[in-house]
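Right, one structure below, let's go through it.
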Amino acid sequence: MNVYSCLEQVRENQPLVHHLTNWVTIFDCAQVVKSFGASPVMAHAIEEVADMASIASALVLNIGTLTPEFIESMKSAALAANKKGIPVVLDVCGAGATKLRDDMCFKLLDEAKISIIKGNASEIARIAGEHVTTKGVDAGAVDTDLKLLAASLAKARDAVVVITGKEDIVTDGNRFIMVKNGHEVMTHVVGTGCMAASVIGTFAGAAPQNLVESAAAGLFCFEIAAEIAVKNGAGPGTFSSKLFDAIYLLDKKQIDEMLRVN
Amino acid sequence: MNVYSCLEQVRENQPLVHHLTNWVTIFDCAQVVKSFGASPVMAHAIEEVADMASIASALVLNIGTLTPEFIESMKSAALAANKKGIPVVLDVCGAGATKLRDDMCFKLLDEAKISIIKGNASEIARIAGEHVTTKGVDAGAVDTDLKLLAASLAKARDAVVVITGKEDIVTDGNRFIMVKNGHEVMTHVVGTGCMAASVIGTFAGAAPQNLVESAAAGLFCFEIAAEIAVKNGAGPGTFSSKLFDAIYLLDKKQIDEMLRVN
Amino acid sequence: MNVYSCLEQVRENQPLVHHLTNWVTIFDCAQVVKSFGASPVMAHAIEEVADMASIASALVLNIGTLTPEFIESMKSAALAANKKGIPVVLDVCGAGATKLRDDMCFKLLDEAKISIIKGNASEIARIAGEHVTTKGVDAGAVDTDLKLLAASLAKARDAVVVITGKEDIVTDGNRFIMVKNGHEVMTHVVGTGCMAASVIGTFAGAAPQNLVESAAAGLFCFEIAAEIAVKNGAGPGTFSSKLFDAIYLLDKKQIDEMLRVN
């Protein structure tokens, strides 16, 4: 795979990335997409989501502050995205914390075609059927081999699965890409997980032919920029703004030098 | 017009600026108002919007993440603002992207008195009746003379019209002020358009006698501060925080030296 | 009281702090909790709030952008928190600005057990029964002795009361702790009041045995970090990000040297 070539496609195609996301990190999700040179749009009214998805290049669904009505809008948007044939990313934010979150994730997975399922270890474990608990939106302990778990869910749902963590796993059940960039400070920043899903959606929208590669390329770029932000002095509070600056300026030389691949 | 005098009125009168706005940039809209020395308040429950508008000096409506219920609240707030005689700014965010957005803008314009209509080129073109498409909330191509378009809409709706872009156009259909400050980096920052509407509302609330001048003065101050932020090293991520610092410290000397007027 | 010991308990216990809060400062509320080493979760659907509160260590309610439905969710979450015996903080944001806000605060106070009531001078005065007006969410003038007011409300509601301002008052009606740290620039930053409530919830969740002390300890840490942020060059726009960095790095030496207690 060629990470920089994927980044070039994002900057050239400038995909419109339609989000139905949570109210906590909605700005950061929009800004991360914009910093990569793409166009974010956030729209959740059931009266317009199908129209908006129909002019978009990718759809990102994040259940961080879900309600049942919001899930109905997500379903409508996802069906429109399916009809148009654009990638749909589902961030199963907080799955394993409450029954509502589990139920709503299963509903979306059952009633629409989700292209990429993304979560932390305990969220993905819960969606794969394990009995684990998520601490709100922070990962809980998982006793299973994560690569096997991801592959099993990928096959069961015919989707690419991304488990974020110290090392991210990207798989379609057969091929695996491990993303080993990133920095520990990200665990102290609200929104890094949500932004990762938006980045995956952006790269998937720009290069939908190979979703394992485009998802992984997005994560590599995001996490290399994170390392640059930390080099530039970022703490947990100044992280995101320095990250966006670094993403905007990210170049081939930085990627070539910093990429940590399996 | 005297831009600095308008800024002094904002800092002295400290207008309460009531917003019904979107969930993406709601913090930035509040902080930009606060950085100018005014008081932002965000309230959208239909049970309280008329009460809140009645103690405010200006009302800012932004349809970025609208729902039909939200538009009902906007209408109620606008009618209370009309009754009190305070300026009402409508940011037609995303008009031209979906039918819902167009319909809801027309509804608000037909059923309440909007003092200032603000949007990018394709948004305003759509509201003026052109057949154009907005790329989510980013401007699409418009083939019309923008000054004519703005003037025509201003006359049709008896309102001040603001088209933001590389050069902003402010007109009531007769008088034109072109705002030529600002910086290219703003196009890579989520929320600059929304903040511009909040700034216009703040200045309109502090100096409602001449809305063309107060709207333009607000934009000049906002965009001069933006240039200062970039001089202070802002990239797309660090922009808004440095912008707020610059707004807070903005003085007469900076305005006199940096103002780029037609 | 030992402020640093409370901070250590937060970092060690890493309480899950469930919020139902406003859409303006929701990110800052989450990030301030995370910067202290705790876990924020924001969830408001009535279908899940009781489940989420049941796995949490504290509940923070903030009515900044309330609706009547949202208050129903708050009530459900508060009753679950009461059942579990975890502290419930209510930020009476904007009480005294509209009838809806007053009514909803009284409803929550009457129908659930609130452990800590927090607001600025005019908000608390209104909840204590005074006829005052809040300027949106910014404090209006209050002609009463604030310590007496706080103590009277504390006794009437059997709760700890916190009035934020130049000096914060923390009281259960008998004991008073005055928090004299902080910096004037905080009055120009959107969200400092909301963040204060989240910090109080975080410390109360980690050290619920003595809510006067844990609430005060949280405010001391928050405001000492604020002073450090200003020393590090923060203006109103760069404040919050530098504040989060300072909170993350806050140590015993800084607290010992900077604490300004009565």
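In order of appearance the chains are A, B and C, and numbering begins at 1 in each one.
Everything that follows uses one rule, which is that contacts are C-beta pairs under 8 Å (C-beta built on N, C-alpha and C of every residue); 3 or more make two chains touch, one makes a residue touch a chain.
Worth saying up front: this structure is predicted, and the values here are computed from it rather than measured.
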{"item": "Chain contact topology (line, ring, star, complete or other)", "value": "complete"}
{"item": "Same-residue or different-residue interface between subunit A and subunit C, half as cut-off", "value": "different"}
{"item": "Between subunit A and subunit C, centroid-to-centroid distance (C-alpha), Å", "value": "32"}
{"item": "Two or more partner chains touched - positions in subunit A", "value": "23, 27, 240-241"}
{"item": "Interface residues, subunit A side, partner subunit C - complex", "value": "22-25, 27-28, 64-68, 94, 97-101, 133, 135-138, 188-191, 235-238, 240-241"}
{"item": "Residue ranges of subunit A in contact with subunit B within the complex", "value": "16, 18, 23, 26-27, 30-31, 34-35, 37, 39-45, 47-48, 51-52, 55-56, 240-249"}
